[in-house]
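In what follows, structures are represented as C-alpha cells.
You will see two complexes here that share chain A, one where it goes with chain B and one where it goes with chain C.
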Partner chain A sequence: MLVNRKLILAHFWFAFAVFGVALTLGAWQMFIRSPIGTWLSNPELYYRSLTAHGTVMGYVFPTLVAMGFGYAISESALEQRLVGVRWAWAGFWLIVGGSIMAVIPIALGRASVLYTFYPPLIGNLFYYLGVVLVVVGSWIWVALMSINLRVWRKAHPGAPVPLAMFANVAGSYLWAWTAVGAALELLLQIIPVAAGLKATIDAGLARVFFSWTLHAIVYFWLMPTYIAYYTIVPRAIGGRVYSDNMARIAFILFLVVAMPIGMHHTFADPQVGAGFKFVHSAFTALVTLPTFLTVFTICASVEIAARLRGGRGMFGWIRVLPWDNPMMLALAFSFVMLGFGGAGGLINMSYQLDASIHNTQWITGHFHLIFGGAIVIMYFAIAYDLWPHLTGRELNDLRLIRTQLWLWFIGMIVTTFPWHWVGILGMPRRMAYFDFGDPAIAPQALSVTFSAIGGFILLASGILFLVILARGMRAPQAEAGSYRFAVAVHQSATVPVALNTHALWVALMIALTITNYGYPILTLATTEGTSVPAVYVGAQ
Partner chain B sequence: MSAEETHHSADVAARVERRWAAIFVIVIVMMAVLAAFAGIHRATMPQPRVETTDPSRLHLSGEFVESNLGSVLEANGNVTVRAIGQQYSFTPACIVVPADTPITMRATSADVVHGILIQGTNINTMLVPGYVSEQLMRFTKTGDYLMPCQEFCSFGHEGMWGKVKVIDKTDFANRAKAGGRLSCVGE
Partner chain C sequence: MSARDLFTFRNPHFTRGVGITAAILIVTAIVGFIVLPFAQPWVQFANVWDAICSAAGVPQRLAGVAAPEQAKRLSEVVLTSHTLSRPSQEAIGRGATLAQRCAICHGPTGLSRADSPNLAGQYAAVIYKELHDFRSGARTNAVMSPFAVNLTDQEIADLSDYYAFLPRLPAYHPTPQLPKPSIVIYGAPMRGIAPCGSCHGSLDNKTGSPWLEGQSEAYLKAQLQAFASGERRNDISQQMRNIARAMTPQEIEQAAAYYASQPPDIVKAVD
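Up next is the complex of A and B:
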C-alpha cells in the first residue's frame, strides 16, 4: 500500500532532475579535457563544473533515491501508512533548499573545492552550509525509518521484520553514522574558517575525518541496489529469494564493517601511521564478504526462477531466463559492472598495490563503474518497477527501457575501461586539460577520446531515462495492484532476534569505528603545530 | 513437495551456503596475511612514520629551506632528494637522480594538499601541509619521467607537472663532486 505517492515521487523527480544536470556537466567535462575538445581559456570553469557534478552525484542524488525508496519500502513492506509525513516533507525541502544554497556559490566560482572539500582550500560559507542542510534533511529520514519500524513492531510483537524494511533501516543507520565524519570536519574545522572565526586548519586531521565518511557513503549508495537485488529482482523475474537469513547477515555485515575501513583512502598520506593503515586494509578485505554472499544468493535466486521456467542443465538454465524483462537485464549489467569494479576495488584497498594507481584516473574509472554503473543502473530499475505504482499509470514501452539500460551499460564500459588503462599509465585525476602534444602524454589521447565518447553515450541514456519516466506520467491509467517484495524459498515463521533487530549491530558499528578511528583522530587532534593557514578560493 | 522434502532441501541450501561463506572467509584471511607478510618484509609498504613540519616557516629554517632542496649524495652512497610542492609547481621542478641507487625522497607542501606521482613507477604519495612525506625509491632505467601533481590543488592544478631525470650513476657522482644540491632545472 503506497499512500504518500506524492512524497515519494517528489523525492524521485528531484533526484533524477539534478542527476540529469550533473550528468550533462560530466559529459561536458569528459569532452573538454579530451583531444576532441578545445582547451578551456579559463580552467576554473572546469572545476566549478566538477564541484557541482560531485556534490550532486555524491550527496544529493543517491540520498534522495534512498529516501524516496525508503518511504516506499516502509509503506509497502510494513503495510502501514507512513508516520511523520510532515517531517518527511520538511526533510525533502531542507534538501531542496540546501542544494540550491550550495549550487549558487559553486556557479559563481566561489566554492571550487570539489565535493571532497580539500582543506586548507576554503570556499564560500554557503556552499558548506548547503551541504549541511542536505545531510540534516536526510537525518530526518533516518529518524522516520526508525520510528516507523518501531510503530510496526508494537503492532506486531515478535514478528519477523520484512527483509526490505530490515535492510532499509540498516542502510539508514549506516548513513547516519557515516555522515558524522564529514559533519565533524565541516562543523569543527571548515565552517569556523569559512565564517572567518579562524584562519588555520589541520589538513591532515580533516582528511582522516573525511575518510570516515568517504568510504561507508559508498555502501549507503549501494543499499537501495542491494535491497533491489534481494527483494525486487526475484519477484520481478518470477523466482524466490534463496535465503532470507543470509540476506539479513549480508546487510548486517555492511552495517558493521563498512564503517571502520575508510583510511584505505589515506594509504599515501603522511599523517597516518602504518599500523592503522594495515588495520583498515584488513577490514576492507572483510567488507568484500557481504558482496560475495550476495553474489551467491542472487545467482541462486535467479537460478530458481530459471528452473521454475523449465531451465535445465548446469548452465542451460541461463538461456531460459526472461531476458526481455528490464529487471533481468539491469541485474545482469549491474553484476558485470560490480564484478569488474569490485576487482578494481580489491586493488585499491590493497596495502601495497594502491601505490601504483592512487589518485590516478584508475580511481575515477573504479568509482564510476561501481557507483555510476552497478549501483545507478539498479536505481533506474527501481524507478521503472515502482513507477506504475506511484503514478497509477502504465509503463509499457519495454523496448525503450531495454535500449536505455543497454546504452547505460555500454556507455559505462566505454567510459571507464579506458580510464582504468590511462590510470595505470599514471594519468592524474581532476585536471582541466592535458597537453596531448607532449610525447609522453600523447599515447593516452586515444583512450581519453574513447572515454569522452562513452560520456556522451551515458548522456543519451540519461536523457532517455528521463523521457521514459516523463511519458509514464501521461500514459493511460492502470491499476498496478499492491507493491510486493520477493519471498524466500523457505520462509520461516520466526527469525533469530539477532537477525531481526539492529541494536547490537549499531553498537558494534560504533565500537569498531571508535577502535579504528579513535586513536588516530585523538593523536592528530592533540599534536601541536599541525594547523596550517587556510587558502581561500575565489578570493582575488 | 512433502514437508520432509522441504526440510531436506532447506538443509542442502544451508549447507551449500555455509560452504561458500567459508571459502570466502579463507580467501579474505589469506589476503590479509599476504599483505602483512609483504609489509613486514618491507617489500612494499605505505609510509610508516608521521613527521610534522610548519609550512609557514619552511622558507626560513629547517631541511626544506630553498638552498637545501634538490638531490644530495650521502656518505653511504645513497641519495636523498628534498622537494616541496606549492601552488602550482614543484621545487625543484626537475629532480635529477642516479640509476641503481637507493633514494629517499622527502617532500612536503608549502600551502594546500598536493601529490607526487612519478609516471611509470610506483612512486605515489600525498603532500599534506604540516606533514613530511617520505618515499623510498630506486630506478633501474635512465631517462625522463613525468611527475604530475595528482591531487586537486585549486585552479592551476592542471599545470602542475614536474620532471624526474634519471642519469647514469657515475655521471651523478661526477656532478655531486662540486657539492651543493643537484637538480636539472633549466637543462
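Up next is the complex of A and C:
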C-alpha cells in the first residue's frame, strides 16, 4: 500500500538530482588534481567544490534516500497510510531550503570549510544554518517513523513488527542520537563564532563532538542498504530470508555498537586519552559481528533461492542464480565492495595500523569504496525496485539497468583501488594540487590517472541512472501490484519483546555513549585555556 | 509487551544484553586503562591511579621541567576580532598626524621612494603586528626600530588604521609585469610550501600576512633571506621561516622580482 507516492518520489528525485551535481564535482576534483588536468592556479576553487561535494554526498543525499525509503517502508510494510503527511512535507522542504541555504555561501567561496567543518576554520553563518535545517528536517522523519510504528502497534497489539519497519525505525533512532554530536558542536561552538559572538573556539572539543557523529552516520547511510539486503533481495530473486530473528539481532547490534566508537577518528588527536581510544577501538571491532551475521544470513538466503531453482552441489548453486536480475547483480557487486572496503576498515580501526594511513588518500579511497560503492549501489537497486510502484509505469529495460550497475562497479574499482595504493605510498588527502613533476611523487602519476578515468566511468554510470529513472516516468503505464518484502523461512507468530521493541537497545546505546564520551567531553569543556582563535574563511 | 516485561532481570534478553555489554566495557576498560599503560616500558607510573589518569587524558602539568629559554624575543602580539574593528575618523586623523614622522622613509602617501616598504593600503593587522614586534624587539632593524620603541598601544592602533585607510597606489618601481613563477603559483607541495597567494592576499589572506605587490625587489629579497637565515624570527609558529628555508636562492630572486613588478590593486580587499 503506497499512498503518498508523490512524497516519496519528491525525496528520491531531490536526492538523485543533488547526487548528480555532486558526482560531477567529484569527477572534476579527481581530474583537476591528476596529471591529466592542468592546475587551476587557485586552490580556493578546489575547496569550494570539495565542500559542496562532501556536504551533499554526506548530509543531503543519503539522508533523503533513507527518508524516502523509510516512508515507503512505513506505508507498505505496515499496510497503513502514513500518519503526519503534512509534517513529512515540512521536513522535506526544510531539507530543500537548508541545502540551498548551505550551497550559496559555498559557491561564493564564503564557506570552504569542508563538510567536517574543520574548526578553527570558520565560514559563513548561513552554511552552518543550512546544515542545521537539513538535520532538523530529518528529525521530523525520525519522529514520524516512531509515531507510525506506535499507531500500528495500537492496532496490532503483540504482533511482530515487520522486519523492514523494525530495521527502519532502528536506523532512525540511530540517526537521531548520532546527529546530536554534530548538533552540539554547531550550536555550542561553531555557530556562536560564525555569528560573531565569540572569537575563539575549542577545536579539540569540537573534534570530539564531531567524532560522535562521524562514525555512526556511516551506519545510518548503511541502513537502507542493509534493509534492502534482508527484505528486498531475497524476494526479488525468489528466495526467503534465512532467519528473521538473526536479522533483528543484526540491526539492534548496530544500535549498540555503531554509536559509541567514533573516537577511532581521533586516534591522532592529542586531546583524547589513550585509554578511551583503546575502548573505542575495541568496540569498533565488535561491528564485525553484525556485519558477518548479515553476510552469513544473506548468503544463506541467496542459497535458498538457488536451491529452489534446482541448484545443486557445494558451489554449483551459484551458477543457477538469476544473474540477469539487476537485484542479484547489485547484491553481488555490493558484497564484493563491502568485502574489500571492510578489510580496509579493519586497518583503519586498529590504533597502530591507522597511523600509517591516517589522513592519506587511503582514507578517501576507503570510504568511496564502501559508501560510494557498496552502499550507493544498493540505493540504485532500491530505486529500481520501487520505481514501478511509485510511478505506476514499467521499468523494463533490464539491459540498460545492468549496464548501469556494471559501470558503477567497474568505475568504483578502477577509481578506488589505485586511490588506496597512493595512500599507502603516503599521498595526503584534501590537497588541491600535486606536483607530479617532482621525482618524489612522479611514480604515483599513473595510479592517479587511473582513478581519474574511473571517476569518469562513475559519472557516466550516474548519468545513465538518472536517464533510466527519467525514462521510467514516461514509460507505458502498468499496474505493479502491491509492494512486498521478503518473508522468512520460518515466519514465527511471536517475537520476543526485546526483538520486537527498541527501548532496551536505545537505552544501551545512550548508556555506552555516556561511558565512552562523558569523561573526555567533560574535561575538555571544563579545562581552561584550550581555545584557539578562529580562522575566518574568505575574510580578513 | 510493556516496559515492565522488558526491563527486568526475568527477561533473559535484558539480562544477557546488559550483562554482555557491561562485561565488554569492563574488560576493555581494564585493558585500556591499566594493562596497556603498564605495558609501555618507556613510561613510568607511580601507581595504578596514576596510570588510569594518564590513559584517561587527565590534564597534568609536568613537574620539574622548565620551559626552554628563548635566546631571542618572539612575537607576543594578540589580535582579536575587536582589536581593529571599525576605525573611527578620529583614529585615522590621529594616525595621519603621527605618520608625519614616518614620511621621510615610507613616503608622504605611504609609498616609499627608497627601499623601505610601502604601507599605503596595507592590511591594518599587519601594520599593527609589525609595529608591536619592532617595539618589543621581536623584529629588529637599525633604521626602523628606533621609531617604534616609544609608540603607545593606542598610537600603534591609530597608525594601523591610518595606513590601512590610504588608497593602494602603483609603486615607484615600474618594471614590466613579469609572468608568475612556479613557486608563486604552485608553491612546492613536496617541500611544504603553499602557493604564496594563499596567505598573502591574491588568493586568500591569512591574518597577519602582508600583501607584497609593488614592494621593492631589494626589500622583498632581503626579508626572504632574513627569514631563511633565521635573522628575522617574528613570524608566528615559523610560518614564513619554514617556507623561506625551503626555497632555493633562485626561487627567492624570482618571487621578489615577480611581486615587485605587480600593481597592488589585484590584492583582495579587506572585508
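In this text, the second predicted complex is superposed on the first by the 539 of 540 C-alpha atoms of A that agree within 3 Å, B and C clash if a C-alpha of one lies under 4 Å from a C-alpha of the other, contacts with A are read in each partner's own complex, and residues count from 1 in each chain.
Definition applied: a contact is a pair of C-beta atoms (placed from the backbone, for glycine too) under 8 Å apart; a residue touches a chain by one contact, two chains touch by 3 or more.
Owing to the predicted nature of the structure, the values given are computational and were not obtained by experimental measurement.
Of the two partners chain B and chain C, it is B that touches the larger number of chain A residues. Of the two partner chains placed around the shared chain by superposition, chain B and chain C are both touched by A:V535. When the shared chain is aligned, chain C comes close enough to touch A:L504, but chain B does not.
When the shared chain is aligned, no partner comes close enough to touch A:T24: not chain B, not chain C. Contacts of A:A199 after superposition: chain C is touched, whereas chain B is not reached.
Judged by the touch definition given at the top, the superposed model places A:V256 against chain C, while chain B stays out of reach.
Once the two complexes are laid over each other on the shared chain, residue contacts for A:G273 go to chain B and to chain C alike. In the superposition on chain A, contact of A:F296 is made with chain B only, not with chain C.
Of the two partner chains, chain C is the only one touched by A:S41; chain B is not.
Contacts of A:A282 after superposition on the shared chain: both chain B and chain C are touched. The residues of chain A shared by its contacts with chain B and with chain C are 43-44, 271-274, 277-278, 282, 286, 431, 433-434, 438, 440-441, 527, 533, 535.
On the chain B side of its complex with chain A, the touching residues are 6, 9-10, 13-14, 16-17, 20-21, 24-25, 28, 31-32, 35-36, 38-39, 43-52, 54-56, 87, 108, 111-113, 115, 117-120, 122-134, 144, 146, 148-158. Interface residues of chain A, counted against chain C in their complex, comprise 39, 41-44, 157-158, 196, 199, 256, 271-279, 282-283, 286, 431, 433-435, 438, 440-441, 496-501, 503-505, 507-508, 511-512, 515, 519-520, 523, 527, 533-535, 538-540. Within the complex, the chain A residues that touch chain B are 43-44, 46-47, 112, 114, 116, 118, 120-121, 202-204, 207, 242-243, 246, 266-274, 277-278, 281-282, 285-286, 288-289, 292-293, 296-297, 300, 346, 350-352, 354-356, 358-360, 425-426, 428-434, 438, 440-441, 489-490, 527, 529-533, 535, 537. Every residue of chain C that touches chain A in the complex is listed here, in rising order: 1, 3, 5-7, 11, 13-14, 17-18, 21, 24-25, 28-29, 31-33, 36-37, 52, 54-59, 79-82, 123, 125, 180, 185-186, 188-190, 194-195, 198, 203-207, 270-271.
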